[in-house]
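Here chain A shows up in two complexes: once beside chain B, once beside chain C.
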Partner chain A sequence: MPFNKSSQYKFWFFDKEEKLLEIRKAINSSATDRILSYKSASPPKEGKKKKKDRVKQDDLLSVDDEYLILIKNIQKASLLCMRFNFPLHVEASAIMFFKRFFLGHSIMEYDISKIMLTCIYISCKAEDYYQDLSHFLAKVQEVTTAEVDPKEILKLELVVLQGLQFHMLVYHPYRSVFAFVHDPELTKSLRISSVNEIYEASKLIVRQSFLTDASFLFPPGLIALSSLHQCVVDDSSQQSILRYVQAKFGHQEQVTNSLNTIANMLQESKTKMGVDTSVIEKKFVKLRKIVSNQQKETEKENNKIAEKKEQERRDKKTEERSIKEEQDTKNLLG
Partner chain B sequence: MQFIQQITENKHERYTRSHQIGEGTFGVVYKGLDTKTGQTVAVKKIKMGKLENGISFSAVREIKVLQELKHPNIIDLVDVFLYKSNVYLVYEYMDTDLYEVIRDQSLLLSTADVKGYMKYILEGVEACHHNWVLHRDLKPSNVLVSRNNDVKLADFGLAKVFGSPDKRYSPQCITLWYKPPELLYGANLYGPTVDMWSIGCIFAELMLRRPFLPGNNDLDQLGKIFQGLGTPTDSDWPDMRSLPNFIEFDEVPKPNLKQVFTAATPDAIDLISKMFTFDPNKRITAKEALSHPYFSNQPKPTAPHDLPLPKKVFETESASASKTIVASTTLTVPQPSRVSSTSKVLNFDDISNAGDDSLNLSTISALSGSTLNESLNHSHLVDDVEVPDIGTPFPYSVEKRRRSEDGDEEMENEDNEFMNGERPPVRRKLAM
Partner chain C sequence: MSKRAAPMSEAEQIMDKENRIRKAILKDYNKTQQDFENLKEYNDFLEEVEDIIFNIVNDIDVEETQEKIREYRNKNKMQIARNRARKDEEVRRKKQLAEEEVRKQQEAEAEALNPTAAAQKQNVNTAFIPNNAPLVFAPQPVPKNQDAINAFMEFHNIKYQETQEQMQQRAKAGGYKMDYPLKRAEEEAFSTVILLQAN
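The block that comes next holds the complex of A and B.
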């Protein structure tokens, strides 16, 4: 499918970095509102408990805090897929799902590790690398400390799928890198010892690009070219890549600019990954504890209401049925 | 903020639902209405139930592929949404399928009509292949036809995005009768030409008005193929001996296809023989087939809106009002969608004589003898992981029998709120 006809292009592609920021701000503020406006349905028994349940403005995460924690977790997701020995396309889609989901949702309102595992599980299905959930979770247990109830993943699967708008076809740069390094037109003019060497090196850069917003802003082919461009060090090879781009795609200036922008984004992400987030993480853990309690409470309430409704409905049904039967009997006799 | 609007839209309010129209491989299908566009739609509720692995692999495939593929000859997935822990797929509404067209004896399919159907099917398949999608389950019941005579491919539950250089595929796909010899021989590296063999089978079925190669199991299917088309020689198909499950068959000379398809024109014979080329690498592609002289020669393919359709398509409205008519006219032989099936065709009179109440699977299997049971047990679709339900694919070659009253109501109530639709008529019978 051509990229510009894909759901990725139509729905998950933005022309400006500012738009992403705008969305993140809106998502952050609506989550903040929801959390702050939470009121427990059951009246607090003691003063102690009340204090614990409340979220103060200071406890909340800012847009930047959210982003820092998110990219640390993206890296974790990448590592997890590597430990599982999953193919690159499974990893790439899982991470894309993860990033897409948290573009539309705040990490304050979801269990980020469980969403991550769910994204990986969905990716296994979407990328034809299917395995049973129990098998998958056994693997998770092998390599992580996570304790996961399969039911939670099943519940989150639907939540995540909805958050992804059920878009499951992902265009990722790994594939484009593979295609480029196997194009002799390009590789013949590069000063490299082997195709495999440059392929491996570019793959690492692609993996780093996952920690940036590049996938929301640039087509995978460009990210792939940027990766190649960044792993060749000598000028002449870099020039050949640009010439190849020129011959193949035209608009050299625009493409060169994009390659640079992507390279800059990578640098920035490295700086961000270096930021000490221990304080934010502590805050996040504390916040999540309270919010998940709130959510559990709300869910319980909702279930109660639903149960009540269901009971009422059943009662009504039984009543209706007995009336109907009575009538039927009457009709029959009459 | 279009993005945020889209992710927060309450889609279930947009569609209303009326009665159930069938049961597909992985869900119950209702007829409905898109209140935003006024378009009639088919709403499929995906079976979730007690699945311990969550949403099924086939559903994921179908959604993944159909979210991307948009073409006049491919079913349009209008929407997908979640409502109360159930996933709903909204499709454009299609009235019937090619299986119904072929087996409706009152319909006359002219050379031009066959050509028309073939053309539109091939255009759909070409669009799939062009977009790196293998359908892997082409057969008449997966070719849908609507009242305005659009012809569209459906059921992408087995579809696969191909093109990755290192991927091995499962040979366990495609319904037996439409399966190419390389898959029967266990090939796990294959490409778009597997679909072309299936198209050849559909072409043959359109001309013969019965399945061309109805085998009972993999081995029997190979036998049927070689009886029908002769055994391949090493020069026909150099790689065949290296396939995992290769078996040598007694040599059968190649028959003259002209004698099999007596009414076919020479260009039709040429095209079908190119679809039935044994070597998958030499088999005709969808693109090549579309530029075959068959389509440019006289008579011209029938235009979509002139294609003949079963009469009952126009009667469905009144038919659904009367339960007895529904039961006796639209219940079709459950040609098990992804299992080998019996070659014995069920006599329709037997079914209608069986009466409304007793019409269920056991009656049908009793009527058709043990072969159906055997075939039900013998699934040919263990694709990678799962055995899909035995049933007919979406939308509805089988008008589903209403379940027992209680089960039925349970099912309806679950999503009664959903789409504020009217309740389907409960077909209760008065106990006498």
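The block that comes next holds the complex of A and C.
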């Protein structure tokens, strides 16, 4: 289907970077409100229980912290997929699902590494590269020595799918790169030794672009063009790319601006990757323990309430039934 | 037993049961007409077999009939083995004859298509037939298994080469053209660089 009618354009495409920042801030603030306002139903015991439940404002993550941890996990996912030799579009879909999910949810409230594995599993299914879950987790265990129970991934699967609003089809720049590289009008004017080289190099740059927000802001053809633009080192080739764009698409200025923006975003992401996140990660691990305990307790309480309701409903029904029987016997016996 | 698309109906189930039982019993009760002196005795034997099969299929006197079968088997072990060997021989001989016939027929066809032979039959000057080579559509020897094919190709140093055209033809038969991936990629690339804002 054409890109303008796809779910990616309708729901997961934004005009400005600021919009994305707004959304992330909103998610972060709602999550922090929920965590801070948690009051356990059971009375706090003396000493230990108090520490577990209470969260201070300093312990919470800011929007930037969240983003840094997100990028770290995207890198991990990318490395994992490369290690298992998954095809490029499987890896790309997994990363997109991951980013989209955490655009609508905060990382403080979900187990991020399990969600990452779930995203990879779902993307394998969506991109016709099905991996058996237990085999996949066994492979993961070999590489990362982290033992994950398949049941937990299956539980999270539906959560993630709901978070994605069941939009499984994602357009990646890889196909557009393929098309541009096979267009002789573009490649004959570039000073490159072989078309294969530039193809491989631009695929690497596309992979790096997944660490930025480019896929939310620019359509895949534009990202593909920008990756070619950045592959070619000398000026004359870059000019010839722009001339090609003018010849084929017109709007040269708009396209050039976008290409430059994407290049800047990539540079920024490189600097962000170099930032030391060990402090933030420790904070995050601590926070996650507390929050997951909170969530488990709320789940237990909700289960208890639900059970009580069920019991009441059953008692009511048996009462009604016994009343009915009495009436029936009365009617029969006159 | 191959899988069926729909479960068997009752009649089919009964038939299936009978066929299985029949097969098992006829393995043992395998006398042919040659083993009997006259037709009547042979017919009596056949009737006995049918009775046994009927009893077992319809669950009548199952124990008695099973005893019968066991007794028969113990008494006639030699006969049974001999008859089985005889039957295998016959099957093998028939197969050989069939293969020979097929071979002879192919040779005959090759002969018929040979232009020199055909031409000589018609008294045509054979000098005008180029190279006296066999025509292209003469039937090739049909190899019976993949090992023979591989051995043949290795011996004559032939590598299976498929021209581009042949590959395209094969793909087309499967409903796929080799330029689909490029066309799809081009469509996606050229339609997603500039997005016209739809109102």
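Basically, the second predicted complex is superposed on the first by the 310 of 334 C-alpha atoms of A that agree within 3 Å, B and C clash if a C-alpha of one lies under 4 Å from a C-alpha of the other, contacts with A are read in each partner's own complex, and residues count from 1 in each chain.
The rule is short, and it goes like this: a residue touches a chain if its C-beta (ideal position, glycine included) is under 8 Å from a C-beta of that chain, and two chains touch if they have at least 3 such contacts.
If you're wondering where the values come from, they're calculated on a predicted model, not measured in any experiment.
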Query: After lining up the shared chain so the two structures overlap, which partner does A:E157 touch, if you call chain B first and chain C second: first, second, both or neither?
result: first
Query: Touch check for A:P219: first (chain B), second (chain C), both, or neither?
result: second
- prompt: Looking at the overlay, does A:F11 come into contact with chain B only (first), chain C only (second), both, or neither?
  reply: first
- request: Look at the residues of chain A and decide whether chain B or chain C touches more of them.
  value: B
Query: Taking the superposition as given, does A:R175 touch the first partner, chain B, the second, chain C, both, or neither?
result: both
- request: Could you tell me if A:V255 is touching chain B, chain C, both of them or neither one (first, second, both, neither)?
  value: second
- request: Could you tell me if A:D33 is touching chain B, chain C, both of them or neither one (first, second, both, neither)?
  value: neither
Task: Please identify the positions on chain A that touch both chain B and chain C, taking each partner from its own complex.
output: 175, 178
- prompt: Which chain A residues qualify as touching chain C in the complex?
  reply: 2-4, 9, 171, 175-180, 182-183, 219-222, 224-225, 245, 248-251, 254-255
Task: Give every residue of chain C touching chain A within the complex, in rising order.
output: 181-182, 184-186, 188-196, 198
- prompt: In the complex formed with chain B, which residues of chain A make contact?
  reply: 1, 5-7, 11, 19, 22-23, 26-27, 89, 103-104, 121-122, 125-126, 128, 130, 132-134, 150, 153-155, 157-159, 161-163, 165-169, 175, 178, 313, 317, 328, 332
Field: chain B residues touching chain A - in the complex, by the definition given at the top
entry: 1, 3-4, 6-7, 51-55, 57, 60, 63-65, 67-70, 80-82, 85, 87, 131-132, 160-161, 164-165, 167, 384-385, 409, 413, 430
